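One chain, subunit A, links the two complexes that follow: it is found with subunit B in the first and with subunit C in the second.
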Partner chain A sequence: MIDIYNLLAEIVGEQHVSNHKEERYFYGCDPGLTPPHEPDYVVMPETTEEVQQIVKLANKEKIPIVPKGGGLALTGLVIPQKGGIVIDMKRMGKILEVNEKSRYVVVEGGVTHGMLQNYLKKHHPKLRHSIPDSPAISTVVGNAVIHGQGRLTQQYGFNSDMVSGLEVVLPTGEICRIGSHSISSQHWFSKGAPWPDLSGLFLGWFGTTGIITKLGLRLYPCKKMRDVMVFLTDKIELVPDIILKLTHTEMTEDIVVNEQPLPPRMKGNIYILIIITGDSDEELDFKRKIIWDALWDIFESRDGGFLSVPADMKPPLLEMPSRDVVRFADVRKGGGFEYSGPIIPLEKYPEFITKQKELVSKYNLSYSATSRVIAGGHCMMYAFAFTFNRADPDEMDRIRKALREAAEFTVEQGGMMWKPTIEEQKMIIERMDPNTLKIMKKIKELLDPNGIMNPGNWEA
Partner chain B sequence: MLQLNFDPAKCIACKTQDCLVKCQYLRLDKDKAKTEMQKIINGEDSFVLHDCVTCYACEEYCKMGNHPFYLIVERQEGKGILPAPRSIATMWINQCEPRGRFTVGKVKERALSFCFIPIFPLWATGKLFDGIASSYIMGEEFFCNAVFLHYAKMSVIKDRLPKVIENIAKLGIKELICLHDECYGTFNSLAPAYGMKVPFKTTHYFEYLYEKLKELKDEIKPLNVKLAYQRPCSNRLSPKTQHFVDDIFNLIGAHRVKREYVGENALCCAEVIRMGQGYKIADDVQKRNLEDMVKAGAEYCVFNCPMCYLSIGDKVSKRGLKPIHIIDLCKMAIGEKTAPGV
Partner chain C sequence: MTDYTKQIHRCFRCGYCKFPSDYSDFNCPSYARFRFDTYSTSGRLWLIYAWLKGEIEWSEHLAEILYSCTTCKNCVEQCPMKFSSDIVDWIVAARSDMMEKEKGRIPPRVTSFLEDVYRLGNPLKERGKRDAWANGIKRYQPGDEYLFYVGCLGSYDEFGRRMARSVARLLSEAGISFGILGNDENCCGNEVYLLGEKELFQVLAERNIQKFKELGVKKVVTLSPHAYNAMKNNYPLVSNAYFEVSHYTQLLCGLLRENKIRPSRNKIKVTYHDPCFLGRYNKIYGEPREVLQSIPGIELLEMERNRENSFCCGGGSGNFVTDLLGGSEESPSRIRVREAYETGADILAVACPSCMTMLQDAVKVENLESKLAVKDISQVVAESL
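Showing the complex of A and B:
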């Protein structure tokens, strides 16, 4: 019988492989509602070559592999449904290159958003990347693989849209370069265009088609000043129009829409946070006025208005990532947090918030509805977010049912579930155009003939 | 049902109509002012009800104490006229609702009111507050609710203020030193205007500071600085407290610069105006106010209301003036460290 443990230890060193119960327990669960399932081994490679050797071993022995970044997707995407090997990428934590002129960075597969944020602040203060509101330990690659969003998503699209190249270890062990550096290893400025964009074979696939060991990411100007404006309305039906007017100005960095019953000041209103940036007071002031004027008719009708935000209230609203998200995640003091974050057409916002309120009332839940505008307003992410006490199985069951209903509602409304659970993936597959599904199946079989990559996910 | 003590006969007999003629935001001559005020008294519509920026100043301009501003607020509410968007008023109503999260120190017969402004406990320290710092009340249960004058919600004030007075009285407080100017104005103007009895003495913190500084006068080192004073809207409810600003400045050896926008002609911080009337008027008010401070040669802008400080402190700094609360200014004069800024 082959001793997998020793073979893995030969690749990464004994310190960086484990089949102990403690590690298997830890790597078998996430903070969401997906039932835990332990891996047989956990391994932490340091180089692409080590990843390659692990994959070759797993492919030869037909052992499932689950690549893992920060493990913060919350929907069970890195819970090893069929055991096998979890490849924790955190040791691949080098920031390899920053190109200031073409504004991109190349990172290894385990670099976290916190690491990149601090690195840029220290070494390249005129550049920034799109920081998600997940904890700082979420990884750049993990976030891109799930089509995550961040503080620049309103301007530039999903964080995955900002990818400028990939290095991938294929399920059969080959190393594959995607984008401009496929022809010139020096340049990571494009992930595909003007040629076929092969990054789509890996982004959004949740690690079922390969392991991203390096990633190029576009960087953007870091303005000297940021400010926040807060627009309140009690008319849900006005929200799409407000967003349309705001995005028409092309003056905003980020637009986030919040609706939640707590703290009490938030009850009864929709809070629209508008972030603006500038290199001078004059620039900020100009943007403020343009934004005010864009919503002037709503202000005059008294259906909405700007809140004067005192200086002491601004830092928490401008903070990246926002600590409020983490605070909300533990509001029930039980360590449980999950949300379904469908991507929806802008005009559907009122229907989704009405549905959320219906679910909250039906299942007696604590909730927050946070939505982020994507790519200038073509769509938005709507989060059905629920927090729960892991020691309260009844509450967890109610949330499961609520999220199930939310997913069904999303599909009915033409929305797309973001980072769907396996159950939700099945729901999507059942409704998907058969020919689309056929393409997905062909791609999956071509790249992963033995079906070893994160099995259970995207199984057509 | 609480009724406003308003006497229409006083308005009819008024020779000046100062309440509206002196308004810094509406342009009315005496005749027009009389006509519009009569409309308001009669319960008819008037452009004044729509264009009022809720600066409270007419309450001060009326020397007969007839409460024109409270009447305007009553009429706005009665007619559903919104001086600010509904959502802003809703936010304040929900935020200020008492929900049992108040803090009470070792309350004695003499106590400090921190309203529910978290910076006050940080300011009320040192020799100026020796012997009283631990005797305080803070929280929505003790909040004066005058802010709802800005949102045409007199009904909220009438609903909540009697309970606030009761909450304070129940603690056995005989003298309440109000650190928030607006609380003092509420207990001495708004409550009596509606016949609410306030069964405890209220002292404006200006007076408290003045008396304390006199006790500590040997420790005062004259500051010899030039100051501009930012008078808040709420001080229109208690204009008699204004002389304490000069009294304190004289005691600490500071010089108040001569300004156009001073006393009755003072300009408010304008952030409430921004929420209700928009940025154009607010920016204009702030620009005129700050330029006046700079032109007068002030080195410091001295604040009374913490909300004014929070609202325009940064803008004051950018104009080259140092923003400071009057409590901190007094601390500077006796050689104490100032508290963290708001």
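Showing the complex of A and C:
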């Protein structure tokens, strides 16, 4: 019988592989509501070559593999549904290159957003990347693989749209370069265009088609100053128009729409957070004026107005990543938090928030409704976010039911579930155009003939 | 503290506990060493909750994970949740529970640590001769202003002894009346408390407090931040006997301000390592730096991770003896001396005998002995007189 543990230890060193119950337990669950399932091994490679050897071994022995970054998708995407090997990528933590002129960075597969943020601030203060609101431990690759969003998503699209190249270990063990560096190892400025964009074979696939070991990411100008404006309205139906007016100005960095019942002063109002940036007071003042003018008619009709934000309230609103996001998990004093985050057309916002309130009332839940405008307003991410107490199985069950209903509603409304659970993936697959599904299936079979990569996910 | 078994599930495993506030590197010493998420604070809290629920059973590996925490409080500093201040108390409470419920099945090195403190009054396997370091320094007598409490490392460890002698020299030169307990001194119990052996801690604390009472001690100055922490924060839970406790860097700082110690010019480059039990536990960041900066000509170069964000040497919670984090390039003490060396300093100044022994070993293993001298703050001052 083949001793997989020893073979893994030969590849990464004994101290970087475990089959202890403790690691299997922890890596077998995430902070969301997906039932746990343990891996047989957890392994932590340090180089692409080590990843390659692990994949070759797994492919030969037909052992499932699940690559894991920060593990904070909350929807069970790195829970190893069929056991096997979880590859914790965080030892691959080197920032390999920053190209200041062409504005991109190349990172290894385990670099965290926190470390990249710190590195850029220290060494390239004029550049920044799109920092997600997930905690600092979330990885750049993990975030790209789930089509994550960040503070620059309103301007430049999903964080995965900012990818400028990939190095991938294919399920059969080959190392494959995607993008401009496929012909020149020195240049990582494009992930595909003007040629076929093969990054689409890996982004959004949740690790079912390969393991990204290096990633190029576009960087953007880091302005000297940032400020936040808050527009308030109690007219849900006006939100799409407000966003349309704001995005028309092309003056905003980020637009986030918030509705939550706590603290009580926030109940009943929609808070639209508008982040602006500039290199001078004059630039910020100009942007404030343009934004103010854009919403003047709503203000005049008394349907909304700007909130005066005290100076001490601004830092938490501007903080990147925002620690307030994780504090939501402690609202019920129970360490739990999951959300279904469908991507929806802008005009559907009122229907979604109405649905969320219906679910809250039906299932007696604590909630927050946070939405982010994507790519200038073509769509937005709407989060059905519910917090729960991990020691309260009844509450967890009610949230599972509410999220199931939210997913069904999303599909009915023509929305796209973001980082869907396996159950939601099945729901999507059932409704997908058969020929689209056929392409997905062909791609999967071609790249992963033995079905070893994160099995259970995107199984057509 | 609230019952930890009713609270511990509140950890969301968001991972902020792994970092310093600027995310420059991993700042949880055991996570930096082992890199499995289980060795981070959230890993421990989730495993403890699983153990309480019966989802996992006790194992040697679980015990190793639990006891490899140095209780450095980086997690307390960085956790964004409202319960953050309770985290280390939860881990200590779980250690106590594990000791009781699992019938003492804890890592053998921890068992040995506790047995040695119980049998010998110190974890270093030394017998008697606690005053061998003192070289004529007198015993405490009623009327002395300060009792100088040197602790186990100050009494027995060679580097700790040098620290103790250096502090004693400065106090003498400043005209402070003080004395030591010599062979009557006992372990302070700080590590015993953190390892979860609360009964033994109670015995040690009561014994020390009783001794202080008998001698009429009103002021204690400690060599070790660990002893300072135990006496300042934990002894009041055992007895309401009042005595004032300070760390020697606080006392030196006062003496320098009063010009009772006057260092001469010394053109040296120094970086300072904040001990967890002085810094994060007791918020003493300024005085040690002020002591160093009182030396004319000194250049104080900060490591990237300093003050609240300081990276633990890996010695806390008894690890300076149990060494559950040793044996790797990624051992915290080795990471820390590399970071100190990167500042360009000639001297890595410490204020804790535990940090001293950890970092002295690390500079040797890293082959930095000729480039970076590890010295106690009092030694840096004494060499400048």
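In this section, the second predicted complex is superposed on the first by the 460 of 460 C-alpha atoms of A that agree within 3 Å, B and C clash if a C-alpha of one lies under 4 Å from a C-alpha of the other, contacts with A are read in each partner's own complex, and residues count from 1 in each chain.
In this section, a contact is a pair of C-beta atoms (placed from the backbone, for glycine too) under 8 Å apart; a residue touches a chain by one contact, two chains touch by 3 or more.
For clarity, every value in this text was computed on a predicted model and none was experimentally measured.
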{"item": "Subunit B versus subunit C as contact partner of A:Phe286, first or second or both or neither", "value": "neither"}
{"item": "Partner chain(s) touched by A:Tyr5 [first = subunit B, second = subunit C, both, neither]", "value": "neither"}
{"item": "Touched partner set for A:Phe189, first subunit B, second subunit C, both or neither", "value": "neither"}
{"item": "Touching partner for A:Gly304 - first (subunit B), second (subunit C), both, neither", "value": "first"}
{"item": "First (subunit B), second (subunit C), both or neither touched by A:Lys267", "value": "first"}
{"item": "Broader residue contact with subunit A after superposition on the shared chain, subunit B or subunit C", "value": "C"}
{"item": "Partner chain(s) touched by A:Asn118 [first = subunit B, second = subunit C, both, neither]", "value": "second"}
{"item": "Touched partner set for A:Tyr156, first subunit B, second subunit C, both or neither", "value": "neither"}
{"item": "Contact footprint of subunit A on subunit B as seen in their complex", "value": "82, 84-88, 90-91, 94-95, 97, 99, 271-272, 274-276, 278-279, 307, 310-311, 313-314, 318, 342"}
{"item": "Contacting residues of subunit A [partner subunit C, same complex]", "value": "15-16, 18, 20-23, 25-27, 29, 31, 42, 44, 70-72, 88, 90-91, 112, 114-115, 117-118, 121-122, 135-137, 323-324, 326-327, 329-330, 333-337, 389-391"}
{"item": "Contacting residues of subunit C [partner subunit A, same complex]", "value": "7, 9-16, 18-19, 22-25, 34-38, 43, 46-47, 49-50, 55-57, 59, 61-62, 65, 80-83, 328"}
{"item": "Parts of subunit A lying in touch with subunit B, wherever the complex brings them together", "value": "232-234, 263-269, 281, 288-289, 292, 296, 299, 302-308, 310-312"}
